[in-house]
Amino acid sequence: MFFGVGAYTTAILMKLGGWAFILTVPLGGLFAGILAFFVGLPTLRLKGSYFAIGTWALALALQQLALILDITGGPDGMRLPPYLNPSYFYYWMLGVVGGTFALYWILLEWAPFGLKVRAIREDQDGAMALGINPTRVKVQSFVLSAVPVGLLGSIYAYWITFIDPLSAFGDILTDQAVVMAVVGGLGTLIGPAIGAVIVFTFKTLFWAYLSDYQVLYLIILGVAIALTVLFLPNGLWGTFINYRDSSRGMRTQSVSRPRIDASEHSDEQEKGAPEHG
Amino acid sequence: MKRMTWITLFLALSLVTAGAVGAEAPVFKIGVITSLSGGLATGGNVTKQGYEMWAKRVNDAGGIEINGKQYPVKLIYGDAQSEPSQAASAAERLAAQEKIDFALGPYSSGVTLAAAPVLEKYKIPMVTGSAESPLIWREKFKFTFGTIPPVNFTGSSALNVIATLDPPPKRAVVIGSNDAFSKATAETFRDTCEKLKIKVMKYDIVPSGQDLTPYMSAVRAMRPDVIAFGGHDEELIRLVKALRQIHYAPKALLMHYGVTEPAFIEALGKDAEQVYGASVWTPTLKTKGGLIWPDAQSYAADIKAAFGIVPDYTMAACSAAGLAFQAAVMQLGAAPPLDEAQKLALVDVLEKLDIHTFYGPIKFSHEGEFYHANTGLTPLAFRSRVARPLSSVRPTTRRHRRSTP
Amino acid sequence: MELLPQVILDGILIGGIYITIAIGFSLVFGVMHIIDFAVGEWIMLGAFLGYYLNGWTGLDPFALLPVVFVVFFGIGYLIQPAIQRVISGHRGNPLLMGLVFTFGIMLIIRGLGLTIFGFYSRSIPSKLAASSWLFEKGDFFLTVPFVRLAGLAFAVAITLVLHYMLKKTDFGTGVRALAQHKESAGLMGVDSHKTNCIIYGIYVGISAMTGVLVCTIFSMTPMEGGRYTVLAFFVVVLAGMGYLPGVPWAALFLGLIQSIFIVYLSASYTLLAVFVVLYIILLISPKGLFGRGW
Amino acid sequence: MNVLEVDNISVRYGDIQALWDVGFGVREGQLVTILGTNGAGKTTTLKTIAGVLQPFSGNVRFNGSLISGLPAHEVADAGISLVPEGRQLFPQLNVEDNLRMGSYLKRTKVRRDQNLKSVYNLFPVLAERKKQEAQTLSGGEQQMLAIGRALMQDPKLIMFDEPSLGLAPILVQEVFNIIRELSRQGRTILLVEQNVHQALKISDYCYVLENGRIVHEGTGKDLEQDPKVREAYLGI
């Protein structure tokens, strides 16, 4: 959802406003943040699956809006003047990703904000008793997770040079996020990364050598997901950690997997950036 | 956060994998970028079968003959997954890693619009056997060609036939599904109706996948003579069924795409009978071809033997796209792998190409709104199931064609 | 002409289809707390079984419903233990685990469907599909398509059968008990394993019958399951997750919104309206229209 | 002859062991009580007998046949019923459906109407609230419903898990009266309680559980006079 907002911000400003790309990127992030704020206030009252479905409905509504409006080009989408220099975008993305990592790291590990987030995740009532306003912190995290996604959306729009409602507000990457999360283990930082490597490698190899059996891809992916969930409920990384810990003689304990909180949901709801190019 | 990890990894991995290309016996490496999965997989696989058929026949004959030597073709697929971003990624991979000589194009305009600039960048010519949306040709990509004329070139032909019915239809309702191709079709229908002095009582673009029965109930109350619908095959089937269920038959039901498709006729059985549509090719068409297939009938027989289905015009256009490449590269006389100068020269040859195939003439337009689309063809109007041309070119279409050299 | 009666009727008929799409899904969530991502794929598989059975036997699709139900009841019954394994035991977040697992199942079924059935759209012919009642009196007119009416009748029948089963039979009381307190139900002698298998079988069976229905009224491709999954989701969320009595009303409500919007307001905005309405209802009453979900 | 024979069972929750070689027996027609503080393992013991939990070592026999390892619904079929701690009714089923759930098993279904009548006789208040959802009942009424539900199962052994927990003193007395009455009718009862005074008064034999192990046993009277028990549990 925020990805699409960023993408359309850049596309509309560049195409109709004649703005320079560099100027549109921060605005993409800004609008994503503003939207997250106004959306977050009401939706964060919803719990669990309702929150997921609420944001999902909203993303679909935005997609419909982009299909109908004239300013977005409707179903025809928008084409930007091509600037085909992958390394340019490479650095942009690296910058945003790196900056985000750094920011999150500082906020979550060093600033009091991280403590608040963890307090709410562990025990919302307890956190409230300590004077933490959970809604406020949730909205803050929601906005915080939306801004980088909006920035990436902006970059994506200019990189691919073509966006339409399907690609900007579609949900194909939701699936992949789930896959990564599960193969790699939820609630850990490294788990999803490992999942990403495996899925990416598998995809690349599959399309390179087995492209005649495209349908097989769905089946293999499905079987892989099903088997992982059945036999490695903690994901590959989580299982590894458990194994390591228990072999060190520590008490086996499942990797702490927090309930899906607001920021994680938002992350899974929107369209992510392209995964290979 | 996950997305960030994903991207960082992609960046790292793409650097690692970029180096791995091996040397093989000289073949024409042809990238096929099309949607093998996702929402457009049905159409995507039609294109795939069309390209495959061509490649198979070429390789059965030993390959494409260049200066007395034969070079086989190798198709390398890139799945666009019905997503523009995936199409761009696939194009990037095929161009940068697989070092393809040539590309055969996607199904659907969104995907084409995303893949084309990438191929421009790598200077790889592409002929697509699908993508009927006018949007593509308005962008004037130098390296992109198409064997099917855009829908604004072909779409009016069936309406022209309907206009000659007795008594002539006076009122029409035009509906389009909300995707690029269907919307363009509906726009063409609307404009042509106005030109033909058929009153458009209602014009709507509806979200795809809607149940149109309530809408049709309302339309029924207006009693139009013609219902014209721009949409993809499933939507057409649903619309026909909806009309059947509410027991309403307008004088003419007009659709652009799918009417000649075997799946459409099979799925609907008798219901499909009074549907009009336009097409550029059917297996019964009288054509004469030089390369591989002498006529439409032998092509249809080949497809039937290979896949057990009757080919539609998209499939034929895709095989014809292969033929266009084959003819051009033979004219050029360049053996694989093609270098950049040869690829540029190939574009020049394609621009001047004027050949006759089982599919009909292939001649790409040089300028105007049909830039690099095949305007050598004459659109035909069809009534479905009968699956034979009601009439060939109508006068207006001819004028239309002449106005765009 | 006066359109309103027709619009309302069409809305109700659409709603009828939505009932069958969502009711099994809601049942399974209510009893086992599984959000089954594969619901659309069961519908798709049912449609294709119906299509082929119709081709072989020439029987009307409505006559084939019991056969389809029995076949898919069996499939659901056999698959359930795997799902149970995923959502129980020492796993954090069983809801998400179940969701992801069924997502995998969905991919497998879709892949197999594409391999076996191909990419083309199929539709089951039925004599009912070509006839309708037509009332016309001055400005007033009403068309009642038989096949859709049959669909609505089927939806009502399914709803009543489920209602009877849950409220009037010992097995149904056991199912409700199991949904409300698993451990106590076991103490009362409810075999939760077997009961879950039966309920899941019933759900898969209903979904497959729904597939036959939509393939008769509309058409079906192996790619299309996802559309029905979305619909099932929306109806069930409107009704309140797992609150079965809410499903028929939520389905009719959704059908009416769609029908009214497409005719009176703007056809382009129909889907937008559906999403926005869903969103607003969630905000006003986070537990569905009746506030009874969880 | 012991109807219920618990033979050195040990039970774990994940890595935490809750019971260590707990063994005891209950004779036909006896009222046996297990006493213990919070977390001593009383509920775990009952749940293990009922088949909700499985011991990792040791056996449970009922009427001579092995029942440990059976799932809860089969243990229920064998004739053991548990009135669980905190009632654990089906909150959205009405009173009558809750009672009908007691005769879910084929074995008891035949006597459903008869049993319903006798439960309503025993607890007239339940008859008045037949159609009310269980969650709308008061604490005392809920406890009666839980007991009624167990009686509907035609049990050969009834187990009560802290039936007095969370009830007003006057209701506590009433619950114990009911249990005593059931015992007088000749039913075999296994009671788990923290309310030591009341429990000792009505039981034929008692076990004291501490940290998952049985540390004392004896008749109610014996234990009442045991100085250690008096100090630890009676606060004297």
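Order of writing sets the chain letters: A, B, C and D. Residues in each chain are counted from 1.
Note that in this section a contact is a pair of C-beta atoms (placed from the backbone, for glycine too) under 8 Å apart; a residue touches a chain by one contact, two chains touch by 3 or more.
Everything numeric here is computed off the predicted structure, so don't read it as measured data.
Visitor: Please name the chain that ends up farthest from subunit D once chain centres are defined by their CA atoms averaged.
Guide: B
Visitor: Taking all protein C-alpha atoms shown, work out their mean, then name the chain whose own C-alpha mean is nearest to it.
Guide: C
Visitor: Higher C-beta contact count, C-D or B-C?
Guide: The greater number of contacts lies at B-C.
Visitor: Between subunit C and subunit D, what is the gap in Å from one C-alpha centre to the other?
Guide: 43
Visitor: What whole-number Å value describes the gap between the mean CA coordinates of subunit A and subunit B?
Guide: A distance of 34 Å separates the two centres.
Visitor: On a C-alpha centroid basis, what's the spacing between subunit A and subunit C, in Å?
Guide: 30
Visitor: For subunit C, what residues touch not just one other chain but two or more?
Guide: Residues 90, 114, 268, 271-272 of subunit C touch two or more partner chains.
Visitor: So which stretches of subunit B touch two or more other chains?
Guide: Counting only residues that touch two or more other chains, subunit B contributes 38-39, 178, 205, 207.
Visitor: Considering subunit A alone, which of its residues make contact with at least two other chains?
Guide: 64, 68, 215, 217-218 - these are the residues of subunit A that touch more than one other chain.
Visitor: Name, in rising order, each residue of subunit C that touches subunit D in their complex.
Guide: Against subunit D, the touching part of subunit C is residues 90, 170, 173-174, 176-177, 180-181, 183-193.
Visitor: Subunit C touches which residues of subunit B in the complex?
Guide: Residues of subunit B touching subunit C: 38-39, 41-42, 45-46, 175, 178, 204-207, 209-215, 217-218, 220-221, 233-234, 237-238, 241, 244-248, 263-264, 266-269, 271.
Visitor: Show me the residue ranges of subunit D that touch subunit C in the complex, using the header's touch definition.
Guide: 14, 50-52, 71-73, 76-77, 81-82, 84, 88-93, 97, 100-102, 104-105, 109, 149, 153
Visitor: Any idea which subunit A residues touch subunit C in the complex?
Guide: Against subunit C, subunit A makes touches at 42-43, 45-50, 53-54, 57-58, 60-61, 64-65, 68, 175, 178, 182, 186, 215-219, 221-226, 229-230, 233, 254, 256-257, 259-260.
Visitor: Write out the stretch or stretches of subunit C touching subunit A in their complex.
Guide: 35, 82, 85-86, 89-93, 95-97, 99-101, 103-112, 114-115, 233-234, 237, 241, 268-269, 271-272, 275-276, 278-279, 282-283, 286-287
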